[in-house]
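Presented sequentially are two complexes of chain A, the first with chain B as partner and the second with chain C.
Up next is the complex of A and B:
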């Protein structure tokens, strides 16, 4: 069984839950930006939660199926269509041999996850099928899909008509709220700047992508004066090179925060105000350009509680589909 | 009802190929299917918006350099 890519969409990539374990040598984890939606799509079609799916950002692809399959689309609200007939999101449906899966305009969210029973069967690289486009690693030939690509699909047995209850689907609020734990370099900005950072409503910059989500339209940060440390750059936002955690929020020049995401670099010389909690990283993957967003200060205890809540949602989806 | 060309993407709409060049299309111009009517900037790339309908342009409901959502009207035709 294979899928013929008729139109690729804007940037559609093969992703699973990622390849953790190589960040220390500069290879990011990659994987779905909204991992919960990715897992839910797989569970809907009878796959293991971490099977490889397609992640389509802002615009869906057009895919021709060479055999019958069961498909589910989760994440962004971008209506799937089978030979033009609209299908429900977050619900499994059948696609027959020769039929074409296409998509309507994006209505909300940013990234749709397209799971096919059996999973997208590209080769496993360093333990994952995820695409890391900057490193030309994994996925389908290490790149986003192009028209004419043929994607191998594994053998699976899904059931059409299964659905994830509405209450278990998470969408960004208005404004979107990202919980953040202040980090090691918090002392670099003044108390007033720190308070303003959380008061401001930021906007997602159009250049936000899988590497990092940039935010603009907030107040520039005021730094505490210092003597430039040996090894650090001269800008007040520079530090002696350090590791960048997944979710860390760097603010080059103190002007536009960037939340490092799935395909980020692993280190560098910009200070980080803090780290977005793991429970909210999926939410970032669903933010469109210009979305108003606020950062909400949390403690480590609150961050860990949020992680637990998130795991409970996935468990609830799993049990609702079993 | 007037025909419209809708934005396929969210991002920032540009009516010109670059800041110092004239707009792709202006009010009163004829548009054929396949003509480029503008650009949408998103994720560090500029994506051409191609007309899926033909007609005479009567208006641009979205201004140059304005934020757009997917499905938002960019051009009105008759």
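Up next is the complex of A and C:
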């Protein structure tokens, strides 16, 4: 069984739950940006939660199936169509041999997850099928899909007509709220700047991808004066190059925060004001450019509670489908 | 040198060994990360050493953040007494300084540079009081460099020059980052050198290019068949200036799968280095000649 890529979409890549373990040499974990939607798509078609799927950004691909399969599309609201007939999102449906899966226009969200029963069966590289395009690693030939690509699919047995209840489809609010634990180099900015950072409503900038999301339209941060330490560089936002946590919020020049995501650069010389909590990383993957966004200050206790809540949503999806 | 701990969200602990860069800060980080690796604490998923800091990723469902923090602080105390000796390797990296490819690129992004009227090497030579391009190459390649961090992108080494601080080459990053840097560019920002492992954006000054691949996800390069990244923190690098003919020859040999880098085992002692920098460097570089 295989899928012929007729049109690739804007930027469609093979992703699973990622390849942790190589960040210390600069290889990020990669994997679906909205990993909860990715897992839900897999569970809908009878795959293990971490099977490889397609992640399509803003615009869906056009895919021809060479054998019967069961498919589910979750995440962004981008209606799937089989030979032109619209199908429900977050619901499994059948695709027959020779039929073409295509997509309508994006209505909300940013990334759709397309799971096929059996999973996308590209080679496993360093423990994962995820694509890391910057390093030309994993996925389909280490890159986004192109017309003419042929994707191998494993054997599976899904059932059409299963659906994830509306209440379990997690989506960003309006404005989007990203919970953040202050820390790392938070002490580099003044107290007033720190308060303003959380008061401002930011907007997703056009430079928003799998490496990181940039935000604009907030107030520039004021730094606590210091003599720059040896090796750090002269700008007050510079530090001696250090590791960047996933979700860390760096602010080059103190102007536009960047939240690093699954394809993060593993380190660099910009100070960070804190880290978006693990539970809210999925939401970032569904933000379109210009989306109003607020950073919400939380404690470690609140971060851990959010993590539990997210795990409970996944568990509820699992039990609703079993 | 005061250690500073901070949580990076609910999955990371970030540890700054010192605000400023020094080999001492790097070694402190390395002793703690080595001890942490040996301690095999359940729930630790990634240990990432950096220049003067390091980062630990953990699974808070397995080990509570406060417990993880306590374990790390206990390891810091124990690591204080660790000997600052490192069994490592020295790798010779051939460099074509002032090459045509980085030159073409730096001319394309000239308006983003501090000094649009000169090249990156000329500018850096001038602000470091070195005698032009030749003086720069001599200073850059005269002493070995320590790989104090691998990262940013896959397999990219950050290198710290093994000379006293007064002689260290320093340069600012570009005013605005470039959107393009040739693969295998030898760059410099702050006090750090780097080798760009892949083509892409970058803000470091560009001095030259090496014909030696350092990252190969396809793993067809003979010396990258065991693992796709060449460098590890703790490696020592000796730059070898080469001319265009040797560069072209090396590229051809690499493409034919025949070229191997010169690599030799070497023991490095921080205490010995602190006592006698030039003597230690001479001995370390001699290892490449089989001594």
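Keep in mind that, in the parts below, the second predicted complex is superposed on the first by the 322 of 322 C-alpha atoms of A that agree within 3 Å, B and C clash if a C-alpha of one lies under 4 Å from a C-alpha of the other, contacts with A are read in each partner's own complex, and residues count from 1 in each chain.
Simple rule for what comes next: a contact is a pair of C-beta atoms (placed from the backbone, for glycine too) under 8 Å apart; a residue touches a chain by one contact, two chains touch by 3 or more.
These numbers were taken from a predicted model, which means no experiment stands behind them.
With both structures placed on the common chain, the touch criterion links A:303 to chain C but leaves chain B unconnected. The wider contact with chain A, measured as residues touched, comes from C rather than the other of chain B and chain C.
In the superposed pair of complexes, A:5 makes contact with neither chain B nor chain C.
When both complexes are overlaid on chain A, the residue A:145 reaches neither chain B nor chain C.
By the touch criterion defined above, A:20 lies against chain C but remains apart from chain B after alignment on the C-alpha atoms of chain A.
By the touch criterion defined above, A:105 lies against chain B but remains apart from chain C after alignment on the C-alpha atoms of chain A.
With the contact threshold set out at the top, not one residue of chain A is in contact with chain B in one structure and with chain C in the other.
If you check the complex, the residues on chain A that touch chain B are 10-11, 57-59, 105-107, 110, 206-209, 288-290. Against chain A, the residues of chain B that register as touching in their complex are 6, 8-12, 41-44, 47, 67, 69-71. Across the complex, chain A meets chain C through its residues 20-21, 23-27, 125, 132, 134-137, 142, 181, 183-184, 186, 229-234, 238, 240-243, 245-248, 265-269, 272, 274-278, 300, 303-304, 307, 311. Of all residues in chain C, those touching chain A in their complex are 6-12, 14, 16, 18-22, 45-55, 57, 60-61, 65, 149-156, 158, 165, 172-173, 189-192, 197-198, 200, 215, 217, 228-229, 231-233.
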